[in-house]
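Right after this note come the structures.
What follows is a pair of complexes built around chain A, which joins chain B in one and chain C in the other.
Up next is the complex of A and B:
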């Protein structure tokens, strides 16, 4: 990992006095006082809530009060879990389905990223947009839309297949169906991570490969993809873990087929028939930490002792592969993804939003306007809750995106660009939130922060803090994937030229990682807008967000208003993404 | 020309605002403050002292398991009478709401003045912990004994758990008439159901196990029912035709969908059907006890019950309140109000739910 060599920097060129002081502090105090505030912040945001959760998994009573008794510790909950056949079945289903979904998402995500970043394919903007649009739908809405599309008896796809006399039945209520939906909805993560890396890559190695006589394909597979391995493995692990912990997709698509998954089993202990066993749920929730730790160990073994610095001091003009005759076929593959991941689910949503109820027995009914009206729109848009939720969602997402983005940038810098003591520990703390199942995260924040005399409970602030904590792994990875690619020679050159540490960060590093920061901000905003499982524990009618409203409508069986609200949610997300892109473009234009 | 159009539009908007104001005024005028207390129509809502103190308190916190959109409409109606009493809602599903309240209480920050939960067990736990404040609403005599714990919790309404079928895919003569009919092999793979967990499905299990002689769950299980996580999910599956027959809870918006022309028919089983009864109570530690009393009294009044029945597609247990549109009067139906002792028997609940799940093929 490239680090700022403080000693090297100190030996070069003139320096201003402020900078010297900083270096002296860094050298004399080992950076302890610099990293300490960050540790305190992360202890409050992450360590403390998850410690409470872990503590809860070793006790019989939920840790609702800030009192700890080590005499009450027991392994009973873990014994019960391991003795349960249901757990092993659920674990097997979870791991296998997530693996299948991850492979699917990797293939599609890397393929789309490569097409848009490194080829002369037509319609790059359309493909780029298509690759991230599935992020605009919360997973449970996507799963609901797919239950309408792919249910074996009346799924719209099956209605069309039957109408055209095709002897196939598409069954979304299966392990394959869940893998498929996982793949579709997690492709954007892979795309965002890998396309960023591909865009920022120094073409020198690829040029060298070409000069050495390698074909375009050989260069792509032997040089390009290995160079973006950090982004690929990071995104693979990220999506795998997210798939393991997501509740809505396996609940909606798995339960009708009697398929158990870890999150659905947790759900039964948290919200099923009383008496509930939250300690058991906590124990199962944190068991994912073991899985995640193994995955992270594998990742570190893969990436050990390899340098992935790809942004050096030279101008970056990525090498473009000419697809020649394959341009159209490749474009069609991208369109297929657009059709399956975007057009089909949104068609269901639009149909549902415009109809009083959704019953499509044949193709004619699909195109019929008989039961169409704007009643669902009227009912949603006339509801004051909708507007409260809309405002809360947008304002919180923007706030968390900006503040969280800043926090993740500082952490990423400390981890990847300094030799501060404890930076590895910092990295591990930041990964922690992703390792815990979503359903129990909300409980962790509730248990941890409710007793603190800081007056945030019942306000939007508790949601904001929970979001910043929850999305630390994703935000940090988005910034870090840019950060690790910056060659130290650029910073060294800056210091040799007389620029101080802060000046180098501001003038050299910050502009270079700006796309990464914007990716992080965008990603965190998207995740905030889509978040449900934590919000449901922490909101009141004053701090309600859109996903909670959608879930509420769904629970009461109002599928039409659900579709309207989900469409509005997608528009919000599209607006936020467009806005950040405009800001990024103007920033980059300003730099030039 | 354009100006004329603009004037016309302005005129229409002004007339609209005026009409809206009149309606709002007329609605607000319904609550009358007399020496004996506050009345809506002829019904006493609260004595004058409670009302004046409620105004001083100026608001209350409602913790509810009813869906937010429905509850917000109830609040709007309440506030049209009492605009100075602001209501803040905390809404979650029954189990989540309960856990939230236990955590808040443990942390000393429980703000709830009024609680509505879908499962009697939760309110009974609060009652046993002495977290409920005694309050007898003026409408107390109008509610059946079995549905309330006098002075502590009262039924917000009653939702029928009945049968339903897809009216396009199933002919009326073939439709199930009774619970056991869902076990007919012709419904194999076409039968729907809701996961057993919350208060509604527990009411159904109690009814089937205590009132029906046949092994209904075994018969259903043989048909491999497709289970959904919520009543909402099940209702969408029935309308779309993914399942064609099922047991349903009316709270999932069936009367509303029926009114909109959705292809569903509801069947009141010949051998009777259970009522699922969410309950409302006054919290002991609440800071706004008078506003809370006023709110509970209004909620249980004829006006509150009529509105709630319409919103939730249910019945009121008050005889003088009409059911939701498209529902027959409750008196004409062979309904069953669960015995609270049965509902609160946790051991039996675990046993019966486990047995039913096993019959359905669930672990």
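Up next is the complex of A and C:
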């Protein structure tokens, strides 16, 4: 303790003690007033909607303007769910197909990752590209295309099979079919996790195994795979969660065969054939959140243990396994994946966009140009709804990218670069949306914001707010990953040189974190353009977006326009990705 | 400018990082804060800089009070008029060398022409002539640290703070930059506080060393004082290498204490200001370079001379270090000179002058 007692020290100095006390309080508690507005924003965007969702699941009433009656709480909706066979069937379907899809995605993803990272295969760049391209086209477009390829009677594949007299049918409208499509479109996540882990691994670990007398294969199975197992497991859980939550794929491929899944049941209770029951749907949504939260917890435990793998390498290329004669066959497996996941679906999309009729009776008809026309294009491009959707998608993506990006930047700064009180709580709130399926989020926003007298329902604003809220975890992570790389001493050096807090942010932090901001903005834009499951509860004909338009056209059976619109949506995505790459490249070139 | 720290205390939760310390650095002097990690030296420096807010105490630079939290004073770093060199160099990677050095001058609204002139002058001072246009990431570690120095000296700060500035450099460069740093500091006569855990750096640079332990000042003084008259076994062990031998006081003899180690070695040591009682357990400190090895018992040595075995010799060019065993107790001995006198398993006499042995409480 100092020689002077605290009380005396405080009282003998200042002349105007009242003023000074106020200043002291502001200095000590000023942080609270800075972080408070951010908390209010996040409570509005994230906490409040989820609270309403939970509240709604325990009541029997539709949402009203902020009137809560806690006497009326009931477990009735949960009782109904547990008593219904529909729920148990849907849960079983969801869990089983996700498991099958996960295994399928794991096999392809790990295989492709190992090929590119640890073998002398040809065309590594092509394989690497093939393994992530499906990421850019929404899984539901893949599902649409595959429904056309693999429907039991009119599917192109089955037309071909019959033509060649082969005695089996390929039925995409089945649990197996859905597993297959899941596997195809979630492979990129497994690939990225696994190849990332393989590339970060210290080559010395594998070299030590070789020195100890292990062959290439022994090293692969005794050292390499055990070391990347945490990455593989964690990506497996991630894709499992995504498959459990996704709405459009099981809706498109399951409905024709009357196969129901947890998300499609929720959808039907809100938007399907009456009677609707939003309370029941919320209760089901809560159950899905519980399942996902448990999985996320397991994943975080696994990721916590992975530190021993991520020894940064010294830029030494790891020893590769020589495939010898198998190089070409292995390369073909990668091409096969590209064919099945991208080339075939887009071929049928283009082909059916150009056809007047859906039905292709035989192989000859598939290639015939007699029934080709631009009729579908004309009907779509003449429809003002298409242009509304296109404009909404692009303008909202840009708006959300910029405004959301700014918000995530401020939050990230507060969390990682300040000592503001409550910044860790801020971080926890921001990762909450991960545990909530897109469809369930849509329901939460719908309830929460309808019941507020702010009049955003039916406008694009409800979608914009929903996107900003929904993509908070992804956007924040993108900014933060470059924010935490900036050594605090860089800012401290600026402060000591005579530059204030805001000046330091502007002159030092902002230029250095720019690549992170850029990748967050483009990522959020990309996610907005692909978004379907949240929008589907929030749109009206004025605020419709491309993805919803595709889904609506599909629901009303207009296959030709579906193909045209899906192609346009893909073009928008492709344009966005290309633009990003060009800007990133020139940015990198500028830094050199 | 003179730096005065009075009763500085800084806590992190319950942990007291800096415990009521007092420091004065006279104008133009270089103070080294020395100690292992977690001793509070960096926290002290960061309190001076304004990156940590002290819980109590007062920091004064010249006649400006920069921190006195109990009176509501805690100037932000940019208002303190300091310079600081960081361990990570903290060279802004998006700026050129010139812009890095000019940064503080621009903050002080210097005119363009004067900035250019001053930056050139600083680059010359730090041996970076002609590198002004170079982007900062294209520098070596040593060059980066020179830029950091130039950047902080450019605007004539009142006090220069250095936070382990050389610890990321390789050994040879570290030694060279250490001399250059000291030379520049002496030439411009700037007051400096230097934090390090490297005792050889501390000894080479400091006008005064403050050795810290667990938030407290363990000992302060010139390098020579601390090396030759350590107040505790902790200090002796931290500064240079030392043989720390447990012993018990067996008696007194004019100006000497007579002591005995657990291995039954009878040791004489000259008395200091400290007083010990018969039977008290103590620690004996002997510097390896103050112990002499010889083939035969030296003439006139009746005390502090024992026969032992060379266990490991380690030839280092300018000196040879030995591990010698006496009744099973191992001693480290340094013999200067570029020829190795003894070899492994050889019998030698180990001689320690009584005035080279410090007796300290345990």
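Just so we're on the same page, the second predicted complex is superposed on the first by the 328 of 592 C-alpha atoms of A that agree within 3 Å, B and C clash if a C-alpha of one lies under 4 Å from a C-alpha of the other, contacts with A are read in each partner's own complex, and residues count from 1 in each chain.
In the analysis below, a contact is a pair of C-beta atoms (placed from the backbone, for glycine too) under 8 Å apart; a residue touches a chain by one contact, two chains touch by 3 or more.
Everything quoted here is computed from the prediction, not taken from an experiment.
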| item | value |
| --- | --- |
| Dominant toucher of chain A (residue count), chain B or chain C | B |
| Partner chain in contact with A:189 - chain B first, chain C second, else both or neither | neither |
| First, second, both or neither for A:278, with chain B first and chain C second | first |
| Residue ranges of chain A touching chain B (in the complex, touch as defined) | 62, 64-66, 85-86, 89, 144, 147-148, 151, 153-155, 173, 251-252, 255-256, 258, 260, 267-268, 270-276, 278, 356-361, 371, 383-385, 443, 446-447, 450-451, 457-458, 536-537, 539-542, 544, 548-549, 552-559, 561 |
| Chain B to chain A touching residues, read off their complex | 67-70, 72, 88-93, 95-96, 99-100, 102-104, 106-109, 111, 119, 121-122, 168, 190, 195-198, 202, 226-233, 235-237, 239-242, 251-254, 257, 260-263, 346, 349-350, 353, 361-363 |
| Contacting residues of chain A [partner chain C, same complex] | 1-4, 6, 9-10, 13-14, 20-21, 23-24, 27, 487, 489-490, 492-501, 503, 508, 511-512, 591 |
| Touching residues on chain C, where the partner in the complex is chain A | 7, 9, 20, 49-51, 56-57, 68, 70-74, 76-78, 80-84, 86-88, 90, 92-94, 103-104, 107-108, 148, 151-152, 155, 161 |
